[in-house]
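Mind having a look at this structure? Questions to follow.
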Amino acid sequence: MKKLINDPRNVVEEMLEGYVKAHPNSIKQLPGTGRALITARETREGKVGILIGGGSGHEPGFIGYVGDGMADGVAVGNIFASPSPDPILEVTKAIDKGAGVVYLYGNYAGDVMNFGMAAEMADLEEGIQVGMALASDDVASAPKSEKQKRRGIAGEFFIYKAAGAAADFGYDLDNVVRVAKKANENTRSMGVGLSPCSLPQTGEPSFEIGEDEMEIGLGHHGEPGIEKGPLQSADRVADRLVNDILADIEINKGDKVAVLVNGLGSTPKMELYIVFRRVEQILSERGIEIYRSYVGDYITSLEMGGCSVTLMKLDDELMKTIDHPVDCPMFVQK
Amino acid sequence: MEFTAKDWKDFFKEIVSLIEEEKDYLCQLDRKLGDGDHGVTMSIGWQAINEKIDNELANEEDPAKISITVGKTFLSAVGSSVGPLYATGFMRGAKVLKNKSVAGDQDLAEYWIAFGKGIKERGQAEVGDKTMMDTLEPFFKELERKFAETNDFLSSFKAAVLEAKKGMEFTKELMSKKGRSSRLGDRSIGAQDPGATSAYLILAAFLSFVEKRMAKAI
Amino acid sequence: MKKLINDPRNVVEEMLEGYVKAHPNSIKQLPGTGRALITARETREGKVGILIGGGSGHEPGFIGYVGDGMADGVAVGNIFASPSPDPILEVTKAIDKGAGVVYLYGNYAGDVMNFGMAAEMADLEEGIQVGMALASDDVASAPKSEKQKRRGIAGEFFIYKAAGAAADFGYDLDNVVRVAKKANENTRSMGVGLSPCSLPQTGEPSFEIGEDEMEIGLGHHGEPGIEKGPLQSADRVADRLVNDILADIEINKGDKVAVLVNGLGSTPKMELYIVFRRVEQILSERGIEIYRSYVGDYITSLEMGGCSVTLMKLDDELMKTIDHPVDCPMFVQK
Amino acid sequence: MEFTAKDWKDFFKEIVSLIEEEKDYLCQLDRKLGDGDHGVTMSIGWQAINEKIDNELANEEDPAKISITVGKTFLSAVGSSVGPLYATGFMRGAKVLKNKSVAGDQDLAEYWIAFGKGIKERGQAEVGDKTMMDTLEPFFKELERKFAETNDFLSSFKAAVLEAKKGMEFTKELMSKKGRSSRLGDRSIGAQDPGATSAYLILAAFLSFVEKRMAKAI
């Protein structure tokens, strides 16, 4: 696949360089690895620091969500690879304002180990209290009985939103973690893949798929899904995704949800809104109220084709966090 | 069998070339099961190690220091799943080498047992989970058993590498049974775990490195 | 190419349906053609109405830019086709608050005719004063001596931004038009295409391009560019685009510009930031100051691959318009 | 030659089918020079017209009303470049038919001259700009000249359609000379303007429709 890049080995470094030059009032790189970035607008004393991170290639995830109302800093890995403990620790030290730091990341073996190691080091070497909450929203990635094994996909966005707001409200570490975990508990996603992406270094498609096929339940890095089959209409795809989600979590008539229809990279907004249209129909048929909708590219997989649907069931507290304004370079909410 | 700082560096250099050769193959395996980056990740890590060996470690005479640096460098460069795993392996191995400028049979056996056990501790994976543990656990168990019996490093390591190979190959069968791959169903048959493969490559490379050295020595 | 749609003939209607359901507090459809949409937050009495529009398939252009600080309404055409005068007139009537309405659109034969007819009808039949300003920012589409023939591409975003702010400041019709025309006068863009898109109805690639080729100067609907050649590095492409732009408009040391690196659809943000990195280098080498940067998908061409670079030379008035906050469903600026 | 409301409706119906047949070809031409949608646009417009003829116009006896509705329907359905152009053509033609339930030779000649001139006025394109005017201007000029000379519609129209065809084909040569295509350089050779093509198709269809009707009448 064609890429508008220079040396494939430098894509992450060059992206970050461009990113901080484009938004100098919002974000800055810490000296050191260059993979540790924090808000340019100093975190408030006494506020719990929100640290996010993961592999590159998911932009606007994750660098795009550092800013007022969301994260204070981000640790950036290679493409589709967890950051090492070094930048995680660098960010931790920079954003700890005496109230501790909460790590938010997706439930992948690599992230679990690297963030885990960093958390130990922060505690032992720096005396910084660290809390953690993982995104495990992908219902296609493991059965309900093994939710702790599920992958984190686009639902991570809602967890950032909730935890970022909670920290901004002045919640302490335990309560920020509680809200983040509740957000994850209440969030379910499922995706569909239409076309692969390719890593700049290999140029090879991340998965194989036929001319007229789609893959239901595909992961955010091209991990295999539940089934591969003929491409269906947007309505049938939306039916499938929403029905699988609703079979996994109890959302009743009168309940309120936040909806995210997330593009994986190359799927036009036109198609995302066509999918949203059907999602809305299903929910309103069931008497489920959409409290707020997000439609667009929130967590991508390079130029992968397809989308995911995410529902977060809301209680009063989560509603408050969803309404909280945000000002990040790649996401602004008034 | 005597293994010096230079031997370690030469061995690590061999892995650097080996990984460059196998990079595409490892990516190809990972595309089937994961996100397709395993070869890229290994390459980034070992290229960083190469750089260290040529510069910072050029005059380093302490094998423990070399192995620690290899682990730390790998981790810093790649993060990923295998960063913490291999890093822990090389760092636990380094402990065995502490204050020894030359490693004998006993040290080498302990090094590789510590390597495997360290990774197990870090990753908490079980045999059958379809990870590099399927290569490493049969490997270090056989090494431990055979070396206790014979006290001969080379023959024990050789036997252990055979077990490693079987374990790696067995990951093909494991496909449809557990974890991430469990949802793959029929499509999974025949795909081998990339981490199990890279782990085997490293062990096999050590074996052939040692054999070559022995041949030269004769 | 694969599409996540239902009947290809209904894509525009279904997209719009999804869009208004997703953002009911921001936008609504007028009764009638369904192709006329206005802000859900009633335009202020006495404010000049801003009407934008064009073909579909450019999302977030143009429906995404209706909201506070930008446009009051939008007329939506078929994919890559100007809207007919009907919805333009419907919007005009709905957003005229006694101060007249300004039409902003790209310089394409179809848009010129349809908006022109609508303007005549608004004047003759409804007695509404209409002003117009066209985007003609694509330096690759005609020589400098024939600027009036140039296509409007991503620079249109800056024109919306400027005119939307001017109307919000309370400027009268003539002054809103003046600011919009100045914005266009000061704006230059040039793009590169890497891969085609396809119309849902034909499925055929919009242009032919080899495995390792790129097309410099490609239009936003797949119109041919200046030259087709081997794919080059991001840095060389950025050099070419910026140099052609700077050869076309005098921007001197110490001047301030707004920069937009716009993705055409399927190009990852990672690549856009790598391109931005080089754009920033060139400008800072020349002592040109970047006042504000926009990097992302602002006006797309379905799933086309590639990007464009836009520079708008700023004076004090344009700076004020660029800083003005915006709250639209697909674009928020604090 | 007598042309009734039913004839007009039958003729417009023929264009509906013709456009469906030529849709892909027109898109293909437009992909070379423009945005690839000309066939889709024509199809959307003529399908909308088809719908009107079958319903609203089913009992309509007034040819002027029919031609106006065709124009307006086309414009509403498509917008685009060709919406205002063809709509203006059919609406200017309708003026000629006003208050006439049957059109004779003179009316038909005037209809098509008004059609062409209306489009010219709307689009302001010149011959050589590589648009449908390259088909239409030679066409209406020849029709005007020949009909003034002979007062025979069919032969004049036939001669005019020949000029239209030449004009359409000439747009291939025009490629590298003006406007949008001027930057195409060498790559432009051989591509024919889509609008010039659809305009010719409509005119040629009218000719064959009239010829068939004459044949039947004999």
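A, B, C and D label the chains in the order they appear, each numbered from 1.
Methods note: contacts are C-beta pairs under 8 Å (C-beta built on N, C-alpha and C of every residue); 3 or more make two chains touch, one makes a residue touch a chain.
Small disclaimer: the values here were computed from a predicted structure and weren't measured.
Peer 1: Quickly list, by label, the chains bordering both chain A and chain B.
Peer 2: Touching chain A as well as chain B, we find no chain at all.
Peer 1: Round to the nearest whole Å and give the separation of the Cα centres of chain C and chain D.
Peer 2: Whole-Å distance between the two chain centres: 32.
Peer 1: Using mean C-alpha positions as chain centres, tell me how far chain A is from chain D in Å, no decimals.
Peer 2: 54
Peer 1: Please compute the C-alpha centroid of chain B, do the same for chain D, then give the distance between them in whole Å.
Peer 2: The computed centroid separation for chain B versus chain D comes out at 75 Å.
Peer 1: When the C-alpha atoms of chain A and chain C are each averaged to a single point, how far apart are the two points in Å?
Peer 2: 29
Peer 1: Residues touching two or more other chains, restricted to chain A: which are they?
Peer 2: In chain A, no residue touches two or more other chains.
Peer 1: Indicate the residues of chain B shared as contacts by at least two other chains.
Peer 2: As it turns out, chain B has no residue touching two or more other chains.
Peer 1: Taking chains as nodes and touches as edges, what kind of graph is this: line, ring, star, complete or other?
Peer 2: Contact pattern: an open line, chains touching in sequence.
Peer 1: Every pair of chains that touch: which are they?
Peer 2: By the stated definition, chains touch in these pairs: A-B, A-C, C-D.
Peer 1: Quick check on the complex: what are the chain A residues that touch chain C?
Peer 2: On the chain A side, the touching residues are 2-6, 11-12, 14-19, 21-23, 56-57, 59-60, 64, 192, 194-195, 212, 214, 231, 233-235, 237, 259, 265-271, 273-277, 280, 290, 293, 295-297, 300, 302-303, 305-307, 327, 330, 332-334.
Peer 1: Give every residue of chain B touching chain A within the complex, in rising order.
Peer 2: 24, 27-28, 31-37, 39-41, 43-44, 75-85, 122-123, 179-185, 187-188
Peer 1: Under the touch definition given earlier, write down the residues of chain C that touch chain D in their complex.
Peer 2: On the chain C side, the touching residues are 9, 33, 55, 77-86, 108-110, 113-114, 117, 140-142, 149, 199, 201-202, 204-208, 217, 219, 221-228.
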